[in-house]
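Across the two complexes that follow, subunit A remains constant while its partner is subunit B and subsequently subunit C.
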Partner chain A sequence: MRIYVLRQLVLLIITLFLLTIFAFCLSYWFPGDPVTNSSGIFSDDTMRYADAASSRGFDGNILVQYWHYLAHLFRGDWGISLLDSDPVFEQLQLRFGATLEIAVLAMLIALVPGVALGVLSALNFRKPIDHTILSMSLSGYSIPVFWFAQIAILLVAVRWGMLPIAGQINPLFNIEAVTGSILLDIFINQPENMGLAFRSAIRHITLPVLVLSVMPMMLLIRLTRSSMLDVLDKNYITSAYAKGLSTRRVISSHAIPNAMQNVIRELGSLLSLLITNTMIIEVIFSWPGIGSWLIRSIYERDYPVIQGGLLLIAALILCVHVALNLIHAWRYPQVRKDLHATS
Partner chain B sequence: MNRLIKGISAGLAILGISACSPGPETEQSLNGLLYCAEGNPESFNPQLVTSGTTLDMTSAQLYDRLLEFDAESQAFLGALATSWEISNDGLRYRFQLRENVQFHTTPWFQPTRFMNADDIVFSFERWLKSEHPFHHVSGRGYPFFRASGLTQLIQSVTAINDHEVEIKIRQQDSSFLANLASDFAIVLSAEYGEQLLASGTAELIDTQPIGTGPFQFSQFRKDVMVRYIRHSGYWREPSASAQLVFRIAQSDHKRMLMLLTQDCDISPYPPARDIQWLRDKPEITLQDTISPNTAFWAFNTERPPFDDPLVRQALAHAVNRNAILNTVYFDHAVRADSILPNTSWAHHGTPSAYRYDPERARELLAEAGYPNGFSMQIWALPVQRAYNPNARLMAERIQADLNAIGVQAGIVSYEWSTFRRRLADGEHDSVLIGWSADHADPDNFFRPLLSCAAKRSGNNRAQWCDPMFDELLSAAISSNDQDVRKAYYEQAQDHLAREVPLLPIAHSVRFQAARQNIQGLELEPFGGIQLRNVSRQQPAVEEQ
Partner chain C sequence: MLLDIRNLTISTHTANGRVNVLDKVSLQVDEGEIHTLVGESGSGKSLIARAIMGFLSPRWDVQADRLWFQDIDLLNLNAKQRREIIGVDIAMIFQDAKSYLDPNLTIGEQLNEAVLDQDLSASFFKRKAERKEKVISLLHRVGIKDHEVMMNSYAHQLSEGAAQKIMIASAIAHRPLLLIADEPTSTMEPATRQQIYRLLAQLHARYGMSILMISQDLGAIMQQTQRLSMIYSGQIMETGPADVLLAKPAHPYTEALLNTSLYRHAEMKPRARLPTLAGAEPTLQHLPIGCRLGPRCQYARPICVKTPVLEKHRERQLACHYPLHLEEDHE
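Showing the complex of A and B:
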């Protein structure tokens, strides 16, 4: 296990390193001046431009420049936005918390019904319940997320007036953004009407999270179902029945845990899809995460922001993949053995 | 695993229960106002900007001016100045300042004195004098003061004593007070300026603002909101709401939905196509005002056949402007019978000069020697403007109308900056364009648009220079007697009705939507929105 963890971590570090090289090269590949592209300072601001150029090692060769780039990266100096001169790292920090908040909540919400329905469907293989669940998941998966969002807004918010449609909380609550995640921020700020603030935040978060959770939920149903079907075919299930275990015991302590093995492995790729959808949802629900900010930066060619956002999202997805691999290996020893055997 | 599942289901249950609990009555009782703005403020100092978005969010909320213009009584009212005297030659203005006016007390600045003459001098010299320590701070220039000619006009601003300021100007100008009353001429704190200079953070003067206005700055989160809180030491009655939050939502459609879902209390500029739908909603109040702007069709009077007033009159009679109001503006505009909007005190409409009468148009054309018409070009501005939501469509309507009197018109359009440059060079036959007022003085619609000076600066779309008209304008601004000025402006407008260098088309309506329970909201015809008297009616206490 120790070797496996080590190998995974080394792999992670190497990939992150390659990623920084790629992000670094972007400053040169984007049209325009590399100093401006990496620092966000225009050349007409002569003093600061000269400062930026020398502190980023632009008088040296490309290796020196890369070294300075890494130094800036670790110092948290990711340049400033070309559009409004906001420091990129600071903005990313604030906005990333907000993005993570809805993405994680949506994932958690997708998990329970997704797995449960998948199991149910597999147990009733080719029965009406199976068909119903399967066709529901197929249609739910094929409908794009922005359409769901529009329908939810029109019905739940505008027609029935049940929920708000914009922002994280009623802005009359004075909650200073520390982490960017509104639920955590309320806890940190400890306002006097905390109960009310939490209620407002939950009302605001409900629609985006529910809409966002549809797609992963539908995928999870299908994943769980096929993985369950595989497992149910296995000999050890037959032998468990033969030993006289009740169906309930067989399913809960043999079938489901083993079926989860595949599901956990696929969670990583689900996450990449989820992040993309989160960006769309953020724009629709005015959620102050990185999504709306990155989309604007792409429109306006705000290179320092594009670079920072790319680095952050890619690093996040990488880290989650590695973490899932580790969990996977820790929970399922045969995976480790497989890996040893192949290496 | 089991524990995890239990935890998640418990969390889901809580989420579900709280989400389904009924409406936001309790949130509604928070004392504050949500205004959905259409963009981020560029700065928190209106001296630096010209955009209406920034003006709405800063000027009347954070600051005060020396005087204000009251649209109802059409008169200037004292604000930070209680009274003013103008010397007989009209070159010296002396302002008596209000006493005991407090600046905002915030975590970053605690004023030790009341507002006095030094603050006025400090604020005005910031845009007036390049040696002022703050003149180059923020590096944006002072576009309004330069364009209105104030930087040229004002000779000096001096403090006579603590509560008296004298402004000397170089020549008589009756629009001077109107410029001082505009949203741009706000008063900053000189003491705050000194504090910032001492700490070497001069640029904070525009990002952590201090003023004397009804609200004080609290927080700005880009793309999310701007938070102001009540300034308890305000010299007028304190603001009706304890908090004022501007939420930032760029899409007009989104703002409208947010209004319906109570995410906003007030929202400016709802989409034109949804006006009627909003009007039918009982929970929404829709306010409108004729904003002081004019869309017009200007003829290049240097080019034949448009150098002949008869031709210009004929074209004016050929256009069915009521139909244009209907198709282009969805009736959210009124017909313009003068270049000067009908909200101005000097307005003098001449509907008969511009009436729709194709018969008369044909007679006039024949009289001018074009019985079989001619062909011409209409330039349509390529962007949307408050005064004209769709110039291309308007040009097509006019094209059809002209066809009826035998004039063949082609429609021309260029990319916006090219369009403006070619217009200034006078390459057009005729152009559909317009003008929005910066302040209430009628001069703003004449001198910058139709004077010989405007022709020289490339702003006169009709390329029209008439010494007699210019004389009327000069006579009007060199007097301070409103009746005398009115008489001159009437003559000027009659002159325009005879000469028709341009055909006024419409004064469009500015809309603002608010929730039914918002009180004290008024939509002023001139720019900046006033929010200090606005509050949300508290929900009536219901049965237990």
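Showing the complex of A and C:
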């Protein structure tokens, strides 16, 4: 196991390293001046421009420049936005928190019903329950998220007025952003009307999280169902019955744990989809996350922000993949046999 | 009589209509008996075992005049009643034992499950320790001395023989009256097979448990086999004491199978042809009417299109219109 962890971590570090090379190259591939692209300082601001050029090693060769790029990266100096001159790194931190908040919550909300419905439908294979769940998951999966989000706003927020339309919290609450995640921020800020603030924040977060959780939930149902059907056919299920265990026991201690093995492996690819959807949701719900910011930056050709945002999201997906691999190996011993971290 | 099966018919729907995969199979296992059921693959041996255990999926239609274990009708049990018998009084081991072990649980955890609560005497808090003790003694009983290592192993770390021993350990956890062994050694090399046979014979001798052994090779059955049943294409051909059947096969099928076994031909000439049954086992879509061996039987005559009934001939039972060697028996 120790060797497996080490291999996975080495793999992670190497991949992250390659990722920084790619991100570094972006400043040259983007149109315009590499110094501006990487630092966010225009050449008409002569003093600071010269400063940035020299501190980023632009008088040296490409390796020197890359070295300085890495140094800036680790120092947390990711340049400033071309649009509003906000430091990219600080902004990313804040917005990243907001993104993680809805993405993680959506995942958590999707996880339990998704797996439960998948198991239920596998246990009732080809019975009416199975057909119902399956058609529900197929239609839920086929509805485009941007359309679904707008319908949800139209019905729930506009017509019925049950929940707010957009935003993180009622702007009357003066919550200073520390982590970017609104729920955590309220807790850190400890405003006098904390209960009300929480209420407002939860009302704001409900709709985007629910809309966002639909797609992963539907995918999870299908994943769990097929994996469960696979496992139920396995010989060790027969032998568990032969031991005289009850159906409930066989399902809960043999079938589900084994079925989860495939599901955990697939969670990684689900995550990339989830991040993409999060970006769309953030734009629709004016959620101040990394996605809406990144999409705006792409429109406005705000290169330092694009560069930083891409780097962060790619690194996040990588880290989650490695973490899932490790969980997978920790929980499922026969994976460890495969010492060479292949995936 | 421990297990009494009379006229067990298992049928299924196919594109060509209803097919009786098992055709009026009768099989009896006495207390403390090792009974071997021999038949080629596809002859329905495993179906019998699964019908006894109640593992058959609903697409199989099971009918029988009797499917009794002691005085319990196995055909009409609800799930709860079945659990009181399966894994308690009837246990089963399988071919390809490794795939019958959960890959994600240690051997110890899986054996823990096999030890039933009702066999534990200690109070709730000492149960865990008692359970572990039981598991260790189970492992010792199947000849595994290194119990600590074994209990922490996973299925993929075991050899086929060791995995089968674990299956046996889990099967005998409650001292079953009947152990059904569905080709437990067919994927093993001969030395391991003998090991497993010896272990089963030991358990049989020590606890007097009956064994219904299912095998596809007449040349590699357990030496201790007391009764032998031959099944061909879902019909029982001949059943009787093993030594009688092996010495004087009365059914053409038994004889044909014996002839294909090399041990009977120590005096065979070099490069001689090994006598085998002509043709191949019929597929389910093209089952012959009457005696299913008919088309391949060298002694077959027109009357063989009528299914012969399993009849008693002294100590054996036979389903054949023209049995062999029986005249000598009557001398």
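Here, the second predicted complex is superposed on the first by the 337 of 343 C-alpha atoms of A that agree within 3 Å, B and C clash if a C-alpha of one lies under 4 Å from a C-alpha of the other, contacts with A are read in each partner's own complex, and residues count from 1 in each chain.
Simple rule for what comes next: a contact is a pair of C-beta atoms (placed from the backbone, for glycine too) under 8 Å apart; a residue touches a chain by one contact, two chains touch by 3 or more.
The structure presented is a predicted model; accordingly, all values stated were derived computationally and were not measured.
Visitor: Putting subunit B and subunit C onto subunit A via the overlay, clash or fit?
Guide: Overlaying the two complexes on subunit A (C-alpha atoms) leaves subunit C and subunit B fitting together cleanly.
Visitor: For A:A177, decide between first (touching subunit B), second (touching subunit C), both and neither.
Guide: A:A177 contacts subunit B only, not subunit C.
Visitor: Of the partners subunit B and subunit C, which touch A:N258 in the superposed model: first, second, both, neither?
Guide: After superposition on chain A, A:N258 lies in contact with subunit C alone.
Visitor: Taking the superposition on A as described, I'd like to know which of subunit B and subunit C A:T238 touches: first, second, both or neither.
Guide: A:T238 contacts subunit C only, not subunit B.
Visitor: Regarding the shared-chain residue A:T247, is it in contact with subunit B (first), subunit C (second), both, or neither?
Guide: A:T247: touches subunit C, not subunit B.
Visitor: Determine, under the contact definition given at the top, whether A:Y332 touches first (subunit B), second (subunit C), both, or neither.
Guide: second
Visitor: Going by the touch definition up top, name the partner, subunit B or subunit C, that contacts more of subunit A.
Guide: B
Visitor: After lining up the shared chain so the two structures overlap, which partner does A:L111 touch, if you call subunit B first and subunit C second: first, second, both or neither?
Guide: In the superposition, A:L111 contacts subunit B only.
Visitor: Applying the touch criterion given at the start, work out whether A:T206 contacts subunit B, subunit C, both or neither, answering first, second, both or neither.
Guide: first
Visitor: Minimum CA distance, subunit B versus subunit C, superposed model, integer angstrom?
Guide: Distance of closest C-alpha approach: 15 Å.
Visitor: Overlap of the subunit B and subunit C footprints on subunit A, residue-wise?
Guide: 257.
Visitor: In their complex, what parts of subunit A are in touch with subunit C?
Guide: Going by the criterion above, the answer is residues 234-236, 238-247, 249, 253-254, 257-258, 261, 331-334, 337.
Visitor: Along subunit C, where are the residues that touch subunit A in the complex?
Guide: 53, 55, 79, 83-84, 86-88, 91-92, 94, 96, 99-105, 113-114, 116, 154-156, 167, 170-171
Visitor: Taking the complex as given, what residues does subunit A use to touch subunit B?
Guide: For this pair, the touching residues of subunit A are 84, 86, 91, 108-109, 111-112, 153, 157-158, 161-167, 170-174, 176-177, 196, 199-200, 202-203, 206, 257, 260, 286, 288, 292-293.
Visitor: Where on subunit B is subunit A touching in the complex?
Guide: Touching subunit A from subunit B are residues 1, 5, 8-9, 11-12, 15, 18-21, 23-24, 26-27, 30, 32, 34, 40, 218-219, 221-225, 227, 243, 245, 247, 249, 254, 257-258, 260-263.
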